[in-house]
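In what follows, chain A forms one complex with chain B and a second complex with chain C.
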Partner chain A sequence: MENLKLQSEKINTAVSTIIGLGGTGILQCVQCGACSAVCPGVRAGFPVLCRLLIRKILDGQLDEIIEDSSSWGCQACNRCTEVCPQGVRPQEVVFAFRRYQAGELAVSTSTTTSQMNMYEVGHAVFTDAQELRQQVGLPAKAPTSAYNETAQKEIQTLLNNSSMAELGLF
Partner chain B sequence: MAKVGVYVCHCGTNIAGVIDVEAVRAHAETLPEVAVARKDLFMCSDSGQEMIKQDIRDGLVDRVVVAACTPRTHEPIFRAALEAGGLNKYLFEMANIRDQDSWVHANDPEGATAKAKKLMASAVGKAARLQPLEDKFVDVTKAALVIGGGVGGIFSALELADMGYPTYLVEKEPSIGGVMAMLDKTFPTNDCSACILTPVMVDAGNHPNVKLMTYSEVEDVDGYIGNFTVKVRRKQTYIDWQKCTGCGACAEACPVRTTNEFNQGMDKRPAAYIHFPQAVPKKAVVDMEHCINCAGRKLGQEPKISKKTGKPMLAPCELACPADAINRSLPLDPQGRIEEIKVGSIVVATGFQVMDKGWFKEMAPEHPNVITALQLERLISATGPTGGNLYMPSTADKKPKTMTFVSCMGSRDEKFHTYCSRVCCMYMIKQARLLKEKYPHMNIYMHFIDVRTAGKDYDEYYVGARKMGVNILKGKVGGLQIIDDHRLRVLAYDMEAGTPVEYESDLVVLATAIELPESAKKLAQTLGLQFCGSNFFKELHPKLGPVETSTRGIFLAGCCQGPKDIPDTVSQAKGAAGAAAVPLAQGKVKIEPILSEVITELCSGCGICVPLCPYDAITLKIHAEKPRAEIDITQCKGCGVCTSACPSAAIVLHGYEDEQIYAQIAALTA
Partner chain C sequence: MEKYGLYLGCNIPFKAPDIEQSFRKIFPALGVEVEDLEGASCCPAWGTAPSFDLDLWCAISGRNLSLAEDKSVDLMTGCNSCFGVLSEAKHFLHDGQRRKRVNEKLGVINRQYKGSSDVYHVAHVLHQKIGLEKIKEKLVYSLEGLKVTVQPGCHTLWPSDVYHVKEKNPFYPTMLKELTEALGASAPHYSRLEACCGMGGMRSTDVEKSLGLFKEKLLSIKEEIDPDLIVTTCSSCYLQFDMSQPQLRERGEIDFEIPVFYYTQVLALAMGFDPSQVASVSKTQRDGIIKEIQSEKRKTDKTQA
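Coming up: the complex of A and B.
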């Protein structure tokens, strides 16, 4: 393993970047590890989440981990925030790091399909459940943008005017 | 006209880093009442004080103003300098240009300097009008009160008693001993807790100068240093302690089974019970809240007469008592009785409680095999519910194969307490070591944010646990999942490996935080104690006044002042006893003459001041056949309520006279 070179400029940049993008509690972290103990993402094999992600940012390693796909393993369950004894809100740090990655176009390929779905039908993940709904006596089509062209147009207009459009995916 | 000397202090850079000290000094010279204006790097230093003394001796000044820090810490120093120079020490006034100026206006040097000039000028205005005053002295009651009969309270009481002062030791439970009596062994020597505590408890019980008042609570405190009057409620024991021999026959006969607090709720005790086997005093009480009034006979009723035998049908406890100490026919007052005692100083040693596991929802608190560390302490104690055998609480007789210790439950956690409870790391290591010694094949996993072992021989004790094969993991446990009635899944994290950890455990011990019990908060109101940011009792000064409080004559010892282990508690208890003995040894206490006084000639005897006084210090007495107000200087606190309310302006508050205050206002608004 290569030696870690600690540089105050890199540390300051990394911390202020994450705080600026919404990870405002990062400096409160005492590295107890409770967040990673309950994180389903860490368990599923995405190590640079919660505790380790915060550690790497506090070491100024923003560029070094920019291509790491761990952050996209966050399921947004927020258990980390529940168990954190210091009010760090680790999920917000993860999301801030994702925003940083997205801004640098270092978006995991695993997210492209979800984003395209979002653009086309208004759902990141969408399952057409018409048959199932009919079986249980519900109208086949759920009242959602998936079956509503006007709503889809509106969503596309919104997305085209948001910072997501800058990623050039749609 | 008065000749005021003004001395402006740099306080290193504390003041001079913000305020232009020379400008303040130069401004003083322009004030008509100022005779001399000087400055120094540290006015409180020998050379600074000498400057003041010399000016007094040279006849240059007859009033002194020091513009520096706070009178709370430094007024006594400068008053002493005045006295040494030959001037009445009350001809002194301090202007606080540090705490109230340079520290709070660090970003505005110009504004701070302007404010310093005003504060100094205001002090000069007052100083020029000060009158010489004389200290007053009153006799003290040479006795002490210690509240709380844990290890801290016991040692405070024994120290005071050994110095020859009659000492009352008040404890709310039936026996002294406190939490230490519940512990199995103590770190870092593995001394048996009962073996080292019991002799000290017995000493306290037998000492001719210690008066034990157990099963009692302090209800009211009146008075001041040297002369406190304390009302102690002696709770109703329902058993005549003069006759009770502590044989325990009543407890054996009593059919009730209710929660046993001493065993942390892990077994049951009768309603008639002895606190614990080594209790001092070893006396039984009846917990009337849980007494079932056998045979439907309420307390105070004569027993029914048996038709068969013609004899009275007594309750089992009455029948069992060989000493005739229980008589349920007596109309005993459930409130007990109030005993009034007089003491000169008070040591508060009310201890702590540990947080309940119920607070920690992610730790499966409803599962029987999740327990607090204090519950484990009872489980491994020979006097505990299992006779010292470590059985899983979900079973009657099975030992755990795998055990887990979880640190920092409610400590270092902004949702509960941000402070470190200080003793948990060490007592968990102790428990793990004791168990590993007794059951070498048991798997023990301990999870710490980090291991804190600051103390003599503590780190060696911790490293010893590692050598014994106790598994120590860095990383806080995130949660527990219930597998079945007996097992739990631990969701943890190995910080060093950077990986999540998951395993099954048979018994999980939570090191729950130390906190101040609710009952102590009520006592704080009675005694006028303040709380610190962590909600413990606040000491006078965090470094230099660790046993004193802001109320003179009241001292602190042990965990009521903040979490600490047994050696620290005993040290503080002995320190508090030493400090509490000072006024008793002096025999007299000084009362500062900053008090209100009635000018009898001006008093009309209207009596308006009498009910207004918050300290009941004023009474109407007959002077030349007319009622006139009179102030008891031992009760007066110098608050000034009477002075401002008197319609005849007949009451003077010395040190804060009208003329002095007007001069201050004039200077501040100039």
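Coming up: the complex of A and C.
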């Protein structure tokens, strides 16, 4: 009896965590697997995405899968959302789980450079392409935040006033 | 003249500026003015704010959208990911409480998200606003007889309920096919038309899984169409096709390379623009097909664009 009670607390915590982070449709899932059938991540071999990820969350297994990198292999393509007959919007569950991982710094190592770039120049992907741009007849500096200090300050203010600021990524 | 705010994103201005230049050449020639959105940032890409904080995602997207709102124009982007991220942010911002929270964040930097500008993809403006007939009128070279594989990419297709412009059937997209056929080329169907190319979060998380998916798609293209070129309207797909073919070839996993272009690059070539400006940054070899496209025998009776 005590075991069952513990498990139900674990399940409630997992579900409310994911709902709070944006996976609001999770309780409508009936485990039909339509999402996994169309998911490029599942096809490529990431083990814990879509149907199985939802199953594990509904079983209260958040801690057990926190180090699994599958969610970071999600392409954010939303094929799952398109085909889900229950309106779960599975991609939002995958991203909510990512946010749970990120909050515990269980992030893919590939993500850290993007966060630094974003903070410094407002672009996740950035190389100083001034020469290349001139070669094709464009002004050396793109008219974006990359060369615009006011814009950079605005982005930095938004980042500093968010939950990301506490993670020490920038 | 119809006007759009040109939202560049990251990949196009810093990795493939010849694509940006192709936008700047073709749109005015087709009667559409493009206005820069000065100070625009990353949309933010899926691996950044969207993976950490939903309201922060909406705030950064909201800031970018406000740049178009301030100019009273709709926003146009050539990057599928940016199109997806910005469209989804707009969808999330329909929630009144979220919009209030996000506008409080934006208030700190003296900005506001109003929701008055729509988000278009370059392909949408070409297909729905300019139209195939107008494009045909401007062609200096015809692509007749050339076989093209089209790669529409993911983020203009799903989830269709958040997009301002939709395909009739997102699992059987036709806009890019029709845009390509308007150039005179054939664009046959193939079984993995809507399959993912493997770029994006997948590539940065596990490059072997990404290349596996890519190779599956590429072999299907080779076997079913064996095209003269591949044309896409997704800058991420463009980069994947351009960098991964030489990689697979070097490993001995494939023994061919198919030239790949962003759609507006081919359109610009067909309109007579200078290849050194609109199609000169690539890893796959494209000189042969560029010369073929702009060859004397392909000239239509139109004067130079």
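Observations on the structure shown:
Here is the rule we go by: the second predicted complex is superposed on the first by the 147 of 170 C-alpha atoms of A that agree within 3 Å, B and C clash if a C-alpha of one lies under 4 Å from a C-alpha of the other, contacts with A are read in each partner's own complex, and residues count from 1 in each chain.
Assume a residue touches a chain if its C-beta (ideal position, glycine included) is under 8 Å from a C-beta of that chain, and two chains touch if they have at least 3 such contacts.
Quick caveat: nothing in here was measured; it's all calculated off a predicted structure.
In the superposed model, A:33 makes contact with chain B only, not with chain C. When the shared chain is aligned, chain B and chain C each come close enough to touch A:43. Legend: residue contacts after superposition of the two complexes on their common chain; A:129 is shown touching chain C, with no touch to chain B. In the superposed model, C is the one of chain B and chain C that contacts more residues of chain A. In the superposition on chain A, contact of A:61 is made with neither chain B nor chain C. Touch criterion met: A:51 reaches chain B, while chain C stays clear of it.
Within the superposed three-chain model, A:75 lies in touch with chain C and out of touch with chain B [touch as defined at top]. Of the two partner chains, chain B is the only one touched by A:85; chain C is not. By the touch criterion defined above, A:164 lies against chain C but remains apart from chain B after alignment on the C-alpha atoms of chain A.
Once the two complexes are overlaid on chain A, the chain A residues touched by chain B in the first and by chain C in the second are 43, 79, 82.
By the touch criterion given at the top, residues 21-22, 40-41, 43-46, 69, 72-79, 81-82, 89, 91, 95, 98-99, 102-103, 107-108, 110-111, 114-115, 118, 122-129, 132-133, 135-138, 142-146, 148, 150-151, 153-155, 157-159, 161-164, 167 of chain A touch chain C in their complex. Chain B meets chain A in the complex at residues 362, 408, 412-415, 449, 474-479, 491-493, 495, 498-502. Contact residues on chain A toward chain B in their complex (touch as defined above): 30-39, 42-43, 47, 51-52, 79, 82-83, 85-87. Residue ranges on chain C touching chain A, taken from their complex, read 8, 10-11, 13-15, 17-18, 20-21, 24, 36-42, 44-56, 59-60, 63, 81, 84, 105-106, 108-109, 111, 154-155, 157-160, 170-171, 195-196, 198, 200-202, 204-206, 209-210, 212-213, 276-278, 280-281.
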